[in-house]
Amino acid sequence: MIPNRPAIAWRDIGVPLAVLLAALALWEALVRWKNIPPYILPAPSVILAKLIEDRELLFSSLLVTLGVTVEALIVATVCGVALALLIAQSKWLERALLPFAITLQVTPIIAIAPLLLVYLQPGNAVLVCAFLVAFFPILSNTSLGLASVDFGLRDLFDLYRASPWQKLIYLRLPSALPQFLAGLRIGGGLALIGAIVAELAAGASGQGTGLAYRIVEAGFRLDIPRMFAALALISLSGLAIYGALAALSYVLLRGWHESARAQDE
Amino acid sequence: MIPNRPAIAWRDIGVPLAVLLAALALWEALVRWKNIPPYILPAPSVILAKLIEDRELLFSSLLVTLGVTVEALIVATVCGVALALLIAQSKWLERALLPFAITLQVTPIIAIAPLLLVYLQPGNAVLVCAFLVAFFPILSNTSLGLASVDFGLRDLFDLYRASPWQKLIYLRLPSALPQFLAGLRIGGGLALIGAIVAELAAGASGQGTGLAYRIVEAGFRLDIPRMFAALALISLSGLAIYGALAALSYVLLRGWHESARAQDE
Amino acid sequence: LDKVRFATDWRAQAEHGGFYQAVADGTYARYGLDVTILQGGPQLNARLLLAAGRVDFAMGANTIQMFESVQQNVPVVTVASMFQVDPVIFMSHPGVGLDRFEDLPKATAFIASDMRASVWQWLKQAYGFKDQNAKPYNFNSAPFLADKTSIQEGILTSEPYAIERQGGFTPNVFLLHDYGYDSYSTTIETRADTIAKTPDLVQRFVDASIVGWYNYLYRDNAQANAMIKRDNPEMTDGQIAYSLAKMKARGIVDSGDALTHGVGVITDARMKSFFDKMAKAGVVPADIDYRRGYTLRFIGKKVGMELRPK
Amino acid sequence: MTLGASAVRETQVTAPALVALRAVGKTFPSGLVALADYDLDVREGEFLTLLGPSGCGKSTVLRLIAGLANPTAGAIDWNAPQVKNNIGVVFQDATLLPWASVFDNVFLPLRLKGVAREAASPRIEEALAHVGLLNFSRALPRELSGGMRMRCAIARALVTRPTLMMMDEPFAALDEVTRFKLNDDLLALKRRFGATIVFVTHSVFEAAYLSTRIVVMSRRAGSIIDEIEIDPAIPRDDDYRSSRTFADVCRRASRALRVSIEEATP
Amino acid sequence: MTLGASAVRETQVTAPALVALRAVGKTFPSGLVALADYDLDVREGEFLTLLGPSGCGKSTVLRLIAGLANPTAGAIDWNAPQVKNNIGVVFQDATLLPWASVFDNVFLPLRLKGVAREAASPRIEEALAHVGLLNFSRALPRELSGGMRMRCAIARALVTRPTLMMMDEPFAALDEVTRFKLNDDLLALKRRFGATIVFVTHSVFEAAYLSTRIVVMSRRAGSIIDEIEIDPAIPRDDDYRSSRTFADVCRRASRALRVSIEEATP
């Protein structure tokens, strides 16, 4: 009985694309008209040319960064949800554990990354950094979701003597889904930044260098067009991650949650 | 008719404190037992001593960092909410604007900070960096909140021909409050990290240096106890910010939202 | 007085002493300049600020950067080099089989990303250092201290001091200059159009800075050091004294060509030698016209040489 | 009109249609046809009651008239579109703002019309007194019982004195005594302000007591099974409740309802 | 018992109390006293109906018995605590899982008891058939009308065949024909499985038709105004509806209700 509308209409891709292209055209025009040198602000056409020219280098770096991002996001999701569940079990656990989660969140990883290198292998250090950044929004939003269960439904489950596990599976998790997914959308972007910051700070070793290193290297070399090309790849990845997570939300929530349905049906 | 319970009970402070102290004691014991040198991992007692010894330096740095944090959080809140409202006005605006917001979110600021310094004054660059980090969670969560308005209530407002402005004030904003506040709690911590990262990246000029610089500087001098003292200040600030925002949530939501009330009343 | 902004490459320290000296003792003022020093930091890209016109002069860290400006067609020109010896070093723990430079390539190396993008490339080619051994150095030596079999990059005048004081041992120090890395360092760069429009301003800045350096090294430098500590409150007298001593001992500023032509000198021969090495190592393309990146027009005039004690 | 009843007027009243549903269809995206080829006039000043089995489309008709949903076929014609600006609705659920007190919930429609709090206060208190919630004006919705929540919604609908009032089973959650009292209050209000009322109820007695016209809908896409006119001139009081006319209306409506349900059940 | 009625049995039935509320008080944090010094026995096998004005505390009594709220005074004694494991409740709101289909909503109590989907399927379909929702088993709650949602909740409560069933105005949103049918279904189920039922309704007729005992509560902190016993042996059919006993029960209950409301209104 669920409407068979396609999940994504042409507008959802076309409009953002058109606006983006317009913005790029404006940028190009500005650069040409004002004669801004490429080492201050390269024109989109120059960036595109660079992107094509350096494609092998940049795309292999992108793969490294995306690998860390995805890994960090998965770990952050698992840990964030697990901790949210733990915290939701009792006020006492919440009081005991939340301060640690907050402390982890506000710890500036680039500042402590050197120390992380003392305690961990570089690969793990990168992962931990990226994870730390993505983790908190997922925890926080999932917690809110778990705490926002309708009281009537909670009563119903109490009445039927549902086990904590059953309450979780059949009530709390579905209830928390919209907020969890919003947390995931935030976390997705943050995992990407986290991966980049982490690479700068804790650095992967020689063989596979990610986009962060490419950006900094390009900065040192004053190869600003390449720097922007790498940034463009990051932005596109971010948009892709967001798009994928938004599509996931839509599929999971349409039909029943207000945020994913049209009103007049 | 709202219960007159105090907003914060002793347990909400006492339990986390006890757990924190226990963790610190464990840490102290570990360091002493394993004889770990202070430049690898200083004992809490050493950190505390350093904190007291360097209090003037550290607290004046803390003030600088907190100043940026609060400023960034305020700007991020205003902009995040404003953009969420704009986006909520129409699907078309959402499609046009969201990609830019996501792009801003995933742009790794430390990587581009050198460029920001070219376009902006250092003070502004720091603020922009901190803002960029805190902004997206607030936008994203507020958007979800605004989109989650109960359909029955939406109908009611349509029926009474409420103006968009009235819908906003009397319906959408109160509906979005729980999610917005969750976003704010995430954003608060991120603004703090943002301020620190930003300072590292865009660097304030000579006179007022924040904690980030103290950390790097202490690291450079291998004064690791001082580095940890600065980190401790950051963690405490983060906890304080979170606590303040959580208390705000409680005051605003108790009485009506599930997440802030006890069940059996 | 002409207002001039000068960006350094790091927080105020003794390695910038000559410039502070020239501000503090009024040398710049005597040359008709009102100089503001903008101190750098880990992320500050001084050349970018220079190219964007946010400052008038910038301190260049090494000659590789200059080649890259040329390669990217950034109209920035090096007009003087205050250091004849680039103070970049490697450090290792003593007595763990890393006491000779030949031993270093096999060790884990903590290097900052800027070195990674430059010197490291040459080290790989010239001495067989390996990428897989490279780990990032974020200006914190704790990882190096924790791993006895590692080496770390540093600056002659600063990291060894911290290691000695906090780590409780004196590390082996290898000045890369001694192993063939003959880059210039602490250069003065400016925009090509500044040279074209106000060559006189450039000349005055270069001359006054050279004078500043002589004074800093050989005369009363208390005012300059006070100014350094004001800009960078973390700076200690001990650190400054250590740096100064090392700079003098190794002839960082005043050695080689500088002894005959004065501080600040650059020679075509050394430029060519360095460029050829770097081109061979693939650090820079061999076909760039690196000569566009510097000019000898403002230096080699023996300015201030009389200030050197006999 | 096959199920004729004696004392019931069969002649068409000449009052003009306030709003007319013409061949209206409503098919939901799920494919479910809630209404098909549905015709209904709402005449000015009448008290029109929709009767029909659960799920036959009564709420859907109200939503279409209120403009909260669009028909997928046919048209809805308004003779006096300005009426649309003063509609009152009691939804089937109370639909209260969870964060606002009872007072503020009832204040809402006036606030949206720009009335100041002080100016609105007497009217709000009057409305709350009508539904017996004066003592609860500072309570939040969650502190109310089910019936009290519904009464709050009724007060909210009454407070604007709408020209067209639509009520979807407003009294279903109330005890009979309160219900009777509110029935009389509603009639008094209607007399005083001359409102048009479209009403949904499951109580045949309530329908017979209040209405000037009863439309009985069938489960089959909401088609109309019977239409019963009741002389508006008859005073609605205990005498009417024991009158022959009342009994006839009830019997006829019940019979239509039964037909409607049996027709639908396969 | 001042409002005596002739054909109604006044003698206490000897069936043991399944659960007993003893001097129970419920004061909400807002300071509102919903119940004070409230005594009630629920006897095994009886059909107990609570009648009373809106807001008098009926739902609160059900919540206390179900263990969903704790009394602030007094005690609730269970004679056979194992009964607590098989309670069925129909809340005043439908309270459905918004993300689950009608089928899954009805499946829920069985799923929580560990029954497999296939094993549960026939019982679910039977329950859905009872409430006339078989065609809607794949619909989501938002695609249902108000009455259909309530029927889904009823099916959910029936599907576990509970030994103690509590129903809070379950049929209020239903048309009379459906309501009558479900009344009879409920009685049949009760006969078949011998459940105890605690029922809340605002319809005096419904109360009189279904109950073996009616308790009329007053608005004043839920004190009990009248208690009416009806011989369980009387068959509940159309004959009963037109019997003298039925009329007497109705009259007495109505009178008690009126007293209860007038007493409370100042």
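Each chain gets a letter, A, B, C, D and E, in the order it is written, and its residues are counted from 1.
Throughout what follows, a residue touches a chain if its C-beta (ideal position, glycine included) is under 8 Å from a C-beta of that chain, and two chains touch if they have at least 3 such contacts.
These numbers come from a predicted model, not from an experiment.
Taken together, chain B and chain C share the touching chains A.
Chain pairs B-D and A-C differ in how many C-beta pairs they share in contact, with the greater number at A-C. Taking the mean of C-alpha positions as each chain's centre, the chain lying farthest from the centre of chain E is C.
Rounded to whole angstrom, the centroid-to-centroid distance between chain D and chain E, based on C-alpha atoms, equals 28 Å.
The geometric centre of chain A is 40 Å away from that of chain C, both derived from CA atoms.
The geometric centre of chain A is 50 Å away from that of chain D, both derived from CA atoms. Touching two or more other chains at once are residues 1-2, 40, 110, 114-115, 118, 150, 200, 216, 219, 224, 257 of chain B.
Residue positions of chain D touching 2 or more other chains, listed in rising order: 28, 30, 32, 68, 93, 139, 143.
Shared contact sites, meaning residues of chain C that touch two or more other chains, fall at 45, 48, 52, 138-140, 142, 146. On chain B, the positions that touch chain A within their shared complex are 11-12, 15-16, 19-20, 23, 40, 91-92, 95-100, 102-103, 105-112, 114-115, 118, 133, 136-137, 140-141, 144, 147-151, 154, 178-179, 182, 185-186, 189-190, 192-193, 196-197, 200, 212, 215-216, 219, 224, 227, 231, 234-235, 237-239, 241-242, 257-259, 263. Within the complex formed with chain D, the chain B residues making contact are 1-2, 150, 152-153, 155-162, 166, 170-171, 174, 177, 255-257. Looking at the complex, you find that chain B touches chain C at residues 37, 39-40, 57, 110, 113-115, 117-118, 200-203, 205-206, 209, 213, 216-217, 219-224. Within the complex, the chain D residues that touch chain B are 63, 66-68, 85, 87, 89, 91, 93, 95, 97-101, 108-109, 111-113, 138-143, 160. Residues 28, 30, 32, 51-55, 58-59, 92-93, 132, 139, 143-148, 151, 168-169, 172-179, 202-204, 254, 257-258, 261, 265 of chain D touch chain E in their complex.
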